Structures are given as C-alpha cells and as structure tokens.
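First chain A sits with chain B, and in the next complex the same chain sits with chain C.
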Partner chain A sequence: METILNISNLNLSFISDRQKEESLFLFRDLSLEIEREKITALVGGNGAGKTTLFNVISGLQRGASGKVNFQGSEITRLSPYKIARLGIGRLFQGARVFEELSILDNMVIGAIHHANEIPFYNLLFYRKSMAFEKGLEEKAEAILSELFGSNNIFWEDRIKPAGNLSFGHQRLLAMARLLMGNYSLYLLDEPTAGVHVQFIEQIASAIRHMNSHSHKTVLLIEHNMHFVRQMAEYCLYMENGKIIAKGHPNDVLASDQVQQSYMGI
Partner chain B sequence: MDFLYHIIIMIGIYTILALAANIPVGLANLLSLAQAAFYGIGAYLSAFVLLNFNIPLLPGLFVVAITTGFFSLLISLASIRLKGDYFILAALGFQLIVFSVLYNWTDVTKGPYGISGIPPPRLFAFIELTANFQFAILSVSLAALTSFLFYYLVKSPFGRVLKSIRSDELSVSISGRNVYQFKIIAFFLSAGFSASAGFLFAGYVKYIDPTSFTLDESIFILSALFIGGLGNVKGCIVGAAVIVILPELLRFAGLPDNIAANLRQIIYGLALILVMLYFPKGLAGDTMLK
Partner chain C sequence: MFLQFIINGLITGMLYTLASLGYALVYNTTRIFHLALAVLYVVAAYIFWHVTVVCGFPMFAGIFASVCFTALLSLAIDRLVYFPLFKLKASLSVVLVSSIGVFTVLTNLVALTWGNEFKAFGSDISRIYSSGNLIVTGKQLFQFIASLVLIITFFLFLNRSKTGLRIKAVRDDSELYQVLGFSLTKMRVTVFLLSGAMISLASCLTAWDIGMDPYVGMPILLNAIVALIIGGAGRFESCVIGGITLGILQALVVWQWSAQWQEAITFVVLIIFLFLRPQGFIGEKSRVV
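Here is the complex of A and B:
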C-alpha cells in the first residue's frame, strides 16, 4: 500500500521549552501514515488535538518537532501557501467562505495562484487574462453542476455575496471551492458539524467525488460516527497525543479502548 | 474663477490620495497612518525632479511614483508579515520619522523654510503648465486616470485576492497565495499613487514645506476615505469633495479665518462621527471598516 502522508515523531507543547512537563504535551511522539487514494477518518475526543494536527500539516502551527512528509518530500517548516501549492487542500472547521465576495469569486479563488493575479496583468494581456478567467468560471460551473445538479442555486446566484447563503450552503460552497484547487490530499475538519441533515448526503457525495472520481486522498475529522462508518475505509483514533488505534472504522470504533474513552461506555 | 479652479485642483489631489489609501485600507485591511508621508516624499521628490531635470510630466511622474513606492518597503519589511497592530505602529513610526527628516535635514530639504520656486511641470517638453485652469485640467485628468486604474484593480483577479484577504486571511494562504507578497504590492501601489498627488501639489503650489505632510494630514486623508466610504471609486470622490468643500462653506458663512481654522477640526471630527453613525459604509462605500 502506498502512503501519501507520513508524520513521524511529532511533539508539540504550547508552553516554552524551559517549563515543559510531560503532561502538557499535546502531541507526544505522534506518528501516522495515510494511504493514497483512500478516505481516512481521524477521530478523538474534544480537545484531543485533531485540528491542531491539521494546522501542523498545513503549516499554520509552528513549533512542533518531528517530520511531516508529503508525497516523498519534507514539508515540515514550509509556509502554508507553499504547502497548498504542493497539493494539500484544507477545509476549516466552521463555515469560512469569503462572505463579501460573490459565490463565483469564492469558487475562482479556490484555484491555485496564477499569473493573472499580478496587478494590471489583465490590463496588459487583456485577451489572455479574459480567456483564463473564462476557463476558471467554466471549471467552477462544471464542479457545481457535477456536485449539485445542473440547476443548482450556487450557479444561479453566482453573482450574489456568499455571506447570504445559509450555514449549510456555505459549507457546501467551501467543499466545492476546495475542488477548484486540484489537490492530491484533502484535509476536512468536521465537514458535517452544525450542518442540517438535509445537506449531509450532499457533503458525502462531494467527498466521494473527491475520492473516487478524481482519485484523491481524503483525511477527515468527524464526530459523527455514523458518517465515519459510511464514508471511511480507515479510521485513526487519537488520544493523549498519539494515534492509539488504526484500522477499519467498525473495528476501531468497536475496540474496548475507544469504547471506554470516547463513547464513555 | 481662480477660486473654482483651486477647489477643483484640490478635489483632484484628495481624490487621488483617498484612492491610494483605499488600496491598503479598503481592500487589504491594512490601516495605514503613513499616507501623508508618501504624499510628502512624492512632493519633495517632484520638487527635486522639477528643479533639476528638464523631463516631461509623465516620465517625471512615473519616476517619482516608483521611487516613493520603494520607500513603502521600509514599512512592509519592518513589520514582518504585515500583521494588524504591528503594521499600524510601523506605519505610524514611519510617518513621524519622515516628517522629522523633512523638518530637520535642512541641507537637503531646507527644513521648516521649505522649498520654493518649483518650476511648473511640462507636458511633452514644450507646453508649460502655468495657468490654474491648465492645472485644473491636469488634476482632473490624473484623478480620472487614477480612478480608472483603481477601478480596474478592484475588478481584476489581483483585487479579488485583496478583497478575500480582507475577508479571511488564513483561507487565502491555504489556497496557495502568498498573502504577505500581495500586501507588499498593495502598499507599494498605494505609496506610488500618493506620490503622484504629491507631484500635482508641488507643481501647483510651487512651494512646499513639511507642515503639509504631518500625521494630521494622514488622518485627514483617512477621514476623506471613511467619510466617502471604502472599497470603490465613488466613495473617494465624494469624500474628497466633502473635505475640500466643507471648510470653504465655513468661510462663506462669514466666520473670521482664525475661528474657521479652529472650527475646521471640530467639523471634520463631527462629520466623521456622524457618517460612522448614520452611514456605516460611508456616504458611498462598498464595505464596512473591519
């Protein structure tokens, strides 16, 4: 089995080196591997450090020791934008769309940086720039209609500000925007949290789209165990700064350890 | 008639200054208190260029704008990553330093005496712009050009990234954009545009001294922007018109000059508060302050 992401011996504490005590480490020699082209769920109690782990991977959390390897190259201390360009996409916990921007602009911004974004480029190379923009808009339309059908409200209301959408719709838009970036690895932080049940099936199909349609790897954090069982092929369980169980979701979630600490049984 | 030209020229200058401030403040979420410093650097460089070289208007303007742009890097690089409060402090410090240098480096700037006898700029090396009506046309043309460039910038993919930075910086960087670089460029452009207003000003009044480029002036420029509104061209024109015309109204009201001068500050302050209260987006703006 080929791995796409390798984390080895990660240590992180939020207090300075001098006062470090064993018990205050958020990560203690945490290591994990993520299989390529699979959907893996990362599960753990509130405050276990799941979001922080995503922050380490995407370069937003500094100060961790250890190594993060992505597709064979080390990304440990790279800037977030460089990590994104290498192919790691991220869905934040919460809504996080650009509220003042139109729905279409939100989609287009999801595509990785390009020469078009140099100031006055569109004044100097008008045709080229317009053609490129058009390409991005077509891509946005294609993704939206593939995910939500050809008469979806996102495309119909594309010139309206994204902030007008309901929370659930903003979440769907954020998922669709992620697909604009052609990432190889998607990090999804609680995609279904706070979302009305009517949207969950659409979120599930967006994730399947990422995975089976474009053969991309998905690592998702979830508290919805039904969703985890339904979506994931692998499950990682995080506790006390480590991954303490890994395997098929049913096996991991049924193990005594997890039952005791997570489900509180 | 000259009075009317004067009003038009000043509205043109403040429109450019407000548009320049609008790039960092209205689009990239960088509250810059150094706008008058760039305006001043532009004016002094222009005086130097007009006094020493016989170059036509547009190339002169371009050289001054680019050179002033480089000064913006002092702030950008000092407040690493241009994060919120650090940036505000770095820009404030820069504003104070620039004023102090203009005031005290007498060998070069003649300090408080200022620089006088600035020759008029020349269009295509032969038309000297001396009459006020010519300056009014120049001022309106440059304001129109700046408005056009600003409008283009806002609508362009570059502007789209700046607006998204304003909305949620982290989400922009995890979509593969170097946010820091975008902010540096935005601030560079702002300094360059402000400098072109300085060029107009130096060529028009023919005498400049440091008191036109104080921290008060920076706040004044931001007031024009806030009164008019952030994010678009309209707001800048409205804001510039309000702050240029308001004090003149006081004079028409028959107040003696010394009282009018004191009242001015109060009126600006009141205008700012009233606008914030009743028009949170300014009189004609697109977005609210963050």
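Here is the complex of A and C:
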C-alpha cells in the first residue's frame, strides 16, 4: 500500500499559561502514515491535539520538531500557502467562510490560481482573465448542483454574502469550496459537528465525492462514531500525544484501550 | 453660516476618510497599529512640495512623485521593520513600539532635511465660488471632487476587483486565506503599497491648501484612527462614515465654540463611542478592537 502522508517523530510542547514552568507536551514522538485514496478517521478525546496536528500539517502551527512528508517531499517548514498549493486542502473546525464575500466569490476564491495574485492582472489581461473567471463560475455551479441538486440555495443566492447563511449551510459551502481546488489530500476537521442531521447525508456524499469520484485521500477528525464507522476504512486513535491504536474502525473503536479512555466505559 | 460649516466639515471629513482608508488597509488586514503612517503623511507632503515648489514641476507631477515615493517607503517600513517582527512572532505591542520608533526617526529626518518651519504652496489667491452667503474656494472644490473620485474608485476596486476581494478575504479570516493557497506575504506588499498611496493622496490634497510642517501627521492620523473606530473597526465603509462624521462635528464645534476645541472633540467622540457603542456604527459586536 502506498502512503501519501508520513509524519515521523513529531514533538510539540506549549508553556502552560497557569503554571509557567510546566510545559504541556501535546505530541510526544508522534508518527503516522496515511494510505493514499482511502478515508482515514482520526479519533481522540477533547484537547488531545487533533486540530493542532492538522495545523502542523498545513503549516499554521510552528515550532514542532519532527518530519512531515507529503507525496515523498518534506513539507515540514513550508508556508501554509505553499502546502496548500502542493495539494493539501483543509476544512476548519466550525463555520469558516468569508462572511463579507458572496457565496459565489467564496467558491471562486477556492480555486487556486497564481495569476490572480498579481495585482491588476485582470486589467492587464482582461479578456483572458474574464474567460478564466467564467470557467471558474461554471465549475462552481457544476460542483454545487452535483452535491446539492440543480435547484440548490447556494447557486440561487450566489450573489448574497455568505455570512447570511445558517451555520449548517456555511459548513456545506466550505465543503463544496474544497472541491474547487485541486487537492490530493483533504484534512477535514469535524465535518459533522454542530450540523443539523438533515445535512449529514449531504456531507457524507461530499466526502464520498472527494474520495471515490476523484480518487482523493481524506483524513477526517470526528467525534460522531456512527459517522466514522459509516465512512472510514481506517481509524487512528490519538492519546497522550501519540497514535496508540490503528486499524479498521470497528476494531479500533472496540479495543479495550479506546473503550476505557474515550468511551468512558 | 450653518451650511457653510457643514460644507467645510464635509470636505475635511472626506480628507480624513482618505487618511483613514490608508490606515484601515494595514490595520484591517494585519492588525498593526501603524502609527508610522503619520510620518508617511508628512513625507508625502514634503515630496510634493519639493517637486512642485523647489523643482518647479507641475502639480500633477508632484502628486505622482509623492504617491510613488510614499508607497515605496510604506512598503520599505513593512519589509524592514514589521515583517521581520512578524516572522519572529513578536506581539502587536512590540510592533506598536517599533512603529513609534520609525515615526520618531523619520520625523527627525524630515525636520533635518527640510527644516522645522511651516511651508506653504505659493500664495496665489485661488478662485472663489460663492452663492448667497456660501463661499467655496477653488482649492476646496478641487479637494472635494478629487477625494470623492478617490473614495468611489477605492470602493469599486475593493468590491469589484480580484485584489479587492482578496483584501476583504484576508480581513475576514487570514488563516483560511492562507490554507486556500494564497500568500500573506504577497498580500502585505499590496496593502502597504496601497496604504502609502492613499495617505500620500490625503496629504497632498490637504497640504496644497493649508501647508505643512514636520508635525502635522500625528493629529491627522489620530483623527483617521478615531474615524475607523467610531465607524466600526475592521471594515472599510467605517472610514467614510467615521471620517465624515468627525469632519462635520469638528466644523460645528468650531462654529459654536472655538477652534481650540476642534481636536478635543475627536477624543470626546472616541470616549463616548468606546463606552456606549464600542463596535462603532456598523461594526459587529464580536469584532471589537
């Protein structure tokens, strides 16, 4: 089996705010491997460091020692935007959309295109950029209608600010936006948390779309064990700064260690 | 007389708006208390003065030179001071102190280069337009039209162009912006250049009318910052609402009491807002400074 992401001997500690001398060791020699084209779930208690691990992978959390390898090249100290451009997409915990931007702009900005970072590019290459822009809007429409049906509210309200959407819809939009980019690994932080049950099936189908449709790898953090069993082929259990169990979700979630510390049984 | 003061206040307010936009470009995207902007304001006026009065070039050449120079100096301040501190993860208060440092050093340099005394742009009596009791000088009319055009252009740029959209995106959520594959470093280049250009335009338009000395920058910047706060920090529309409110209030204070109170009213307004409506006119509650 081929791995897409490889983390070895990750160590990270914080100075605890209350007791200045004592450090909080979040990762202690953490290592893990993620299989290509599979859905893997990362499970662990509150505050275990799952989100922080995603932050390390996407370059937002500095100061960790150890190595992160993605598709064979080391990305440990790269800037977040370079890591994204190499093909790691990220869904944050909570609703994270650009509230002031329209729904359509939120989608379009999700497609990485270097040219747009040049100031006044659109004026300089007006024709070319207009055609390109149009292509992106069509792509957004296609993704939205594939995920949410052809009469979805996202496309209908596309010129309204994304901040007007409900929390659940903002999550779905953030999810759809990820499909605009050209990623090979998706890091999804609690995709179903705080979302109304009616949306969970849509989220699941978006994840399946990422995985089976376009053969992309998905690593997801999830507290909803039903969802983990339904979606994931692999499961990693994190505790005390390490991955202490890995394997098939049913086996991992049934193991004594996990039952004791996580389920509290 | 009332209307006269409203008109004067409106024009001053629009110039505050320009300065405030210059400040907001940096503040909204990086959260830096960019006090060195005050000295950029002063440098811009002196470059304009030097190119037109000393070298004898036409006014527009002077403004153009000033805009270019100030934008580059603004970028240099970020590259040489703020950005290295940002890389070192320095706190915003450290950045604030460094900004005051830049302000002090550059203000002294300006005073050494051009002297401490007041400078003005020729004494040509500009045309006066009057109707009834109302008087508007040609310079005022020009200030009004120029700042109106600039403000409209700025908002068209912000809302219509891709760069403008990205400025709003970083303002909203800079982490999200980065994980979508955009470089914060490149964004800083854009906002510092634009901020320098904006403050230079505000400065040239003002100095051309009322002249300058090396110390005019800070009072204007404080007005610009207060304008942003009372409008609602974090947004760009705030600069317009806050700037014009301040300009008109100041004019009314001068009309009712005396010019001495003009600066004081800025802080009275600030304190009232901080107590009663800290999110400003249009700010969201959660985004308080």
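What we mean here is this: the second predicted complex is superposed on the first by the 254 of 265 C-alpha atoms of A that agree within 3 Å, B and C clash if a C-alpha of one lies under 4 Å from a C-alpha of the other, contacts with A are read in each partner's own complex, and residues count from 1 in each chain.
The rule is simple: contacts are C-beta pairs under 8 Å (C-beta built on N, C-alpha and C of every residue); 3 or more make two chains touch, one makes a residue touch a chain.
Given the structure is predicted, the values throughout are model-derived calculations rather than measurements.
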TODO: With everything superposed onto chain A, say whether chain B and chain C fit together or clash.
DONE: clash
Open item on the list: One more residue to check, A:Ser58. First (chain B), second (chain C), both or neither?
Closed with: both
- [ ] Check the residue A:Glu233 against both partner chains and state whether it touches chain B (first), chain C (second), both, or neither.
- [x] neither
- [ ] Have a look at where A:Leu101 lands relative to chain B and chain C in the superposition and call it first, second, both or neither.
- [x] both
Task: Touching partner for A:Asp157 - first (chain B), second (chain C), both, neither - done: neither
Task: Common interface positions of chain A, toward chain B and toward chain C - done: 58, 60, 79-81, 83-85, 89-90, 92, 96, 98-101, 105, 109-110, 112, 116-117, 119-123, 129, 181
Task: In the complex, chain A residues that touch chain B - done: 58, 60, 79-81, 83-85, 89-90, 92, 96, 98-101, 105, 108-110, 112-114, 116-123, 129, 133, 181
Open item on the list: For a test of understanding, state which residues of chain C touch chain A in their complex under the given definition.
Closed with: 89, 161-163, 165-166, 168-169, 171-173, 175-176, 178-186, 190
Task: Parts of chain B lying in touch with chain A, wherever the complex brings them together - done: 149, 152-153, 156-158, 160-161, 163-164, 166-168, 170-179, 185, 189, 287
Open item on the list: Which stretch or stretches of chain A touch chain C in the complex?
Closed with: 58-60, 62, 79-81, 83-85, 89-90, 92, 96, 98-101, 105, 109-110, 112, 116-117, 119-123, 129, 177, 181
